[in-house]
Amino acid sequence: MQREDNRQADELRPIKITRDFQSHPAGSVLIEMGRTRVICAVSIQFNVPHWMRAQNVPGAWLTGEYSMLPSATGDRKMREATAGKPQGRTQEIQRLIGRSLRAAVDLKQLGAFTLYVDCDVIEADGGTRCASITGAAVALQLAMRKLFLEGRLKNLPEIKPVAAVSVGIVDGLPLLDLCYKEDAAADVDMNVVMNGDGKYIEVQGTAEEKPFTRAQSNSMLDLAEKGIKQLFECQKKALKI
Amino acid sequence: MQREDNRQADELRPIKITRDFQSHPAGSVLIEMGRTRVICAVSIQFNVPHWMRAQNVPGAWLTGEYSMLPSATGDRKMREATAGKPQGRTQEIQRLIGRSLRAAVDLKQLGAFTLYVDCDVIEADGGTRCASITGAAVALQLAMRKLFLEGRLKNLPEIKPVAAVSVGIVDGLPLLDLCYKEDAAADVDMNVVMNGDGKYIEVQGTAEEKPFTRAQSNSMLDLAEKGIKQLFECQKKALKI
Amino acid sequence: MQREDNRQADELRPIKITRDFQSHPAGSVLIEMGRTRVICAVSIQFNVPHWMRAQNVPGAWLTGEYSMLPSATGDRKMREATAGKPQGRTQEIQRLIGRSLRAAVDLKQLGAFTLYVDCDVIEADGGTRCASITGAAVALQLAMRKLFLEGRLKNLPEIKPVAAVSVGIVDGLPLLDLCYKEDAAADVDMNVVMNGDGKYIEVQGTAEEKPFTRAQSNSMLDLAEKGIKQLFECQKKALKI
Amino acid sequence: MQREDNRQADELRPIKITRDFQSHPAGSVLIEMGRTRVICAVSIQFNVPHWMRAQNVPGAWLTGEYSMLPSATGDRKMREATAGKPQGRTQEIQRLIGRSLRAAVDLKQLGAFTLYVDCDVIEADGGTRCASITGAAVALQLAMRKLFLEGRLKNLPEIKPVAAVSVGIVDGLPLLDLCYKEDAAADVDMNVVMNGDGKYIEVQGTAEEKPFTRAQSNSMLDLAEKGIKQLFECQKKALKI
Amino acid sequence: MQREDNRQADELRPIKITRDFQSHPAGSVLIEMGRTRVICAVSIQFNVPHWMRAQNVPGAWLTGEYSMLPSATGDRKMREATAGKPQGRTQEIQRLIGRSLRAAVDLKQLGAFTLYVDCDVIEADGGTRCASITGAAVALQLAMRKLFLEGRLKNLPEIKPVAAVSVGIVDGLPLLDLCYKEDAAADVDMNVVMNGDGKYIEVQGTAEEKPFTRAQSNSMLDLAEKGIKQLFECQKKALKI
Amino acid sequence: MQREDNRQADELRPIKITRDFQSHPAGSVLIEMGRTRVICAVSIQFNVPHWMRAQNVPGAWLTGEYSMLPSATGDRKMREATAGKPQGRTQEIQRLIGRSLRAAVDLKQLGAFTLYVDCDVIEADGGTRCASITGAAVALQLAMRKLFLEGRLKNLPEIKPVAAVSVGIVDGLPLLDLCYKEDAAADVDMNVVMNGDGKYIEVQGTAEEKPFTRAQSNSMLDLAEKGIKQLFECQKKALKI
């Protein structure tokens, strides 16, 4: 099978990270992976959730939120505010974003802050949760720099690299960075979140149509590792001062 | 009082309308008025709401929806899906957008379609509801053209010009197109929606701090008319084929 | 067109304000404008909302609530408690009532009170939001007197006159105080809230069917002013000691 | 203990039933029992709930709804639409009203109608659920007459008498028709719904403070029977043509 | 009519109370009445609701909760978490459980605890609310013992016996402890909650199909008393140390 | 580290599957893995969701639901019906159960049924989602047999084996089937769902505290495979006729 945009099986779509896309949040980027576009913002609130205060938990809290514009997808998607609650899929992604970003920063070294990581999908063409994580990691770094420059933090905390990519099995072949069409046709779909040491923060493999073997799992993980290394390069470039 | 960006009292902020900003909806634009940025999209569903079918109401239905990204404002705004329902302010704006756009098109001449007009604020610096209406009028025109080109409509329906602008009284002086800071300091705040004949579709004047006179109302309406004429020019330019 | 009840174009429906309609709230009236009947009550709670305490905002808070009995309208209206949330129209009216009444009293001069202004429509025949505001202004005055007599307030605060009326264009003619039938047939519908100096607190004009000109707007404002002057007389009479 | 208004232990408060209190619903009354005032309305919708159509259940459906104005009680009560759902107490009363009124009419003999029985408390001084049932039974009769006169029903269906009253044990003594103060001080609180044959439709006795004996239960039932007979007289008077 | 399981009219179904059914809550039992099975648990939280703290109400709070597994009934029951709120029936039962258990213990003599009484129906064959109360009374006693043994309570508080049973009129005959089939066919349905002195805590009689007389009420109360005495024996046996 | 119950690193807790635990659903089991106990039920509704009918999708639908009794965990868990919506964690698990069970049966070969897979946790000590899947696979098989015996299905459909187990890294060592204490202390937590061919239906690995390597992932997958083979034996035993 020829990939829609003539990509090789192990090739990412073109990536672009636009820094400081919004002016209000502490950190903000627009990340584009092919036609998938996500605004990732990190906003800081200078207190912690009620339960942390009640239990005297030290340090900061970080929470991820994710949404799609109704007009971001092929068939218009009803607003979740209209439905009255976030969908299961949304909550699953929000929890994944939160866990992934909490792996990037030692929250205990920060003050009593809440960090809101907002990922809003402007256009969806597959891989939105992975693009969200990759973009949000850059926005988090930008937010920490801003807090440090404003004197809110004595030291610039270390932000560990975190990035994510989707892989899958389509027509029996492992592919890197699935677009929507490929994702819809995939037998297996896997999302991989890694850190800068090449270790896994999260691996979620799902047999949409056909169960998969350990060998297939390993091929997908190989592709993911290759893609994530390139994503780390893009992040570094976007963060250059 | 000097205006923040050296504008005259009767001067609009720089306007930019980017056409076809998203690929999925039938019509889509990004409208920018100064730092205020709104994605306006018109999506078509090829049926009508249940109540119209039940009552055999002919023609199409058009509904407006409005939201702000949490990261669009100075203090992060909680997602309405988290709160479980749209806020009062949101519902007020959605109803205004719906009424304004329904004045632009004869829905009875269309088929059994539902037109969703989605206005999503990417960055807010005052005047977001007016920018939404002005941008959505362009997206509506683009959507009609697309339907016509796809053969879904036999004739291209006439879309009447509709645009909106905010005016106000700040420090006793009438000003056109308030930014957030001016809006927060305004004694009176007025939103005006007009059609191409210079007639009013909606006038909403609110004394935030000080009640206003008929004379002040007339000064504000004069400014609004001047501003809206320029907005019609921008819309025309954006719609040029 | 003959008006249903032989009224002149500039004539209000019969008005009646019954004082102390309920015994529990601090102030309460039943206002009747023709067949439209609304119970307006002002209840006092001796604390302020959480956000005011958190931000140390001095003075009182005033909030408006509005509802219709299911049996108040031609077709029975589903309860909003059943629907799970107030409708957009309700929220719009609640916000209007709140803004209008906040213009009647200097909340900073009161203690840390919350004033609930409840407007409950017993029977609806057009103009319910305007009747709500006109009646609530009387209930607010009664509530202040009661607080003063009970020694809760050292001085009786000044309550500025506030009243509201609907006007519209029906069959091309401007009419004062539309009943439901007229409202349903109107090309333009305008709600005007004024204070005792003849200044506007709120003007909301909506082209239901046909856009309107400045001249038409002025004719409607003239009618509104005439009607509101009479409403001020009714309020005064109801407040006589 | 002297009763607040010098009533005997077996004496009802003054009752007044005002017929045709609202003009829109098919039947409507205002019932007053002392200071307790309730608007009872019966509205007809000319179809049945989805589940009845789906299961082909013949005849009509009747459902009870109950609410209090926020200003009806001593401390202002939050609106249930604001809370997002009816409280447990409300649902309990709604179910009681529905069951009681369904005992008054043979729904299988009516067409595919839904009868909404709306009981809205304007002022609360104890016994609101019983007043609701007693008033609603009159409104139901009025609604049936109207349907018959309009030719919607071939025969005027028989409406069996139904009325309700509260009884209780206060300071060890059985009392009829408790006002709020008595209810708050009661050891036992019982609501009794009877039909015209002196049979029970519903008996709900609750030990608020002290468990009660069979003898006490019988004393309360005796009082209730006495009171309900008088309520039947009031209903008849209100229904006289 | 022969009863399904050859029971006499005044015979209970086989009862079994399994103590310490769960390990986490302070007290827990599985109660079985015929095929009806309910898990009753009492969990302790070492604080009181916000409104008690705000009003300085001394002592503990006790609240009842009730639910059915979706798979507990003949036709699968939708989860209330999916529906977004507890049904009216559920709320009615929860309030009944709370009132009944609060009659068993003097909450003012306990510390600032909240006692959650959770009744979860594993299988439903009629009488679930009564089985819940009877089982929860045992779990409450077990929980108090545990608190005392853990040194959380200086004295073991007295738990007064409380038990409940359903009775009804089926085919004109009074029956004790209705199973689902009998309940569905009953003309009258009555739930009785008693204490150890043979006094009533709650009596709720409902004419499902036919109004009932005082004599019928008395026959049902006689049956209930007989059944509840046996339930007290079962409770005692289950509580033996 | 010694495991709490002297288990080896690669040893499952004692497993027990009680068949036909409830009488109403088509299939039902109680599964126990150590102290973790889950009721798994499969209920059949003889129609499909609205969206399937609307789009003419052939075959059956299967949906998973999951809940915990409030009393199932160490600290009592608030009911989701009280909160008004399922939590994110619940939705994530429900989606996982649904996907896993849909892999066990070819829904296109069934009629227009909806299969509800309800997993209700009676007691939680780690691994509840995996126990749910393993138990539900047995309940699904039982339900299919029942449908076939009742003549609702012409052929007994093939149910492919599906089972799940949790694995993790605790104190640097890979462990099989974590109990709650181990799960709370784990650096990595992985849930594995496999079919009878040893292929993966789902793999979800999460670094709770420390990112993990490919080698660690492989050790965990080895343990999981070992455990799942034993689970298949237990399932077979439970299904023996």
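Going in written order, the chains are labelled A, B, C, D, E and F, and every chain counts its residues from 1.
We adopt the following convention: contacts are C-beta pairs under 8 Å (C-beta built on N, C-alpha and C of every residue); 3 or more make two chains touch, one makes a residue touch a chain.
Given the structure is predicted, the values throughout are model-derived calculations rather than measurements.
Visitor: The E-F interface: which of B-C, D-E or A-B repeats it, judged by over half of the contact pairs being the same residue numbers?
Guide: The pair repeating the interface of E-F is A-B.
Visitor: So what's the Cα centroid distance for chain C and chain D, whole Å?
Guide: The mean C-alpha positions of chain C and chain D differ by 32 Å.
Visitor: Where the centres are mean C-alpha positions, what is the separation of chain A from chain F, in Å?
Guide: Spacing between the chain centres: roughly 28 Å.
Visitor: How many Å are there between the centre of chain B and the centre of chain E, using C-alpha atoms for each centre?
Guide: 58
Visitor: Taking the mean of the C-alpha atoms as each chain's centre, how many Å separate chain C from chain E?
Guide: Result: the chain centres lie 50 Å from each other.
Visitor: Can you list the residues of chain A that touch 2 or more other chains?
Guide: 84-86
Visitor: Enumerate the ring members one after another: first chain C, then chain D, then the rest in ring order.
Guide: C, D, E, F, A, B
Visitor: Quick one: which bits of chain A touch chain F in the complex? Just the residue numbers, please.
Guide: Against chain F, the touching part of chain A is residues 85-89, 91-92, 94-95, 99, 103, 194-195, 197-207, 211-214, 217-218, 221.
Visitor: For the complex, give me every residue of chain B touching chain A.
Guide: Touching chain A from chain B are residues 22-25, 28, 35, 39, 41, 43, 45, 65, 67, 69-74, 76, 79-86, 90, 116, 118, 120, 122-124.
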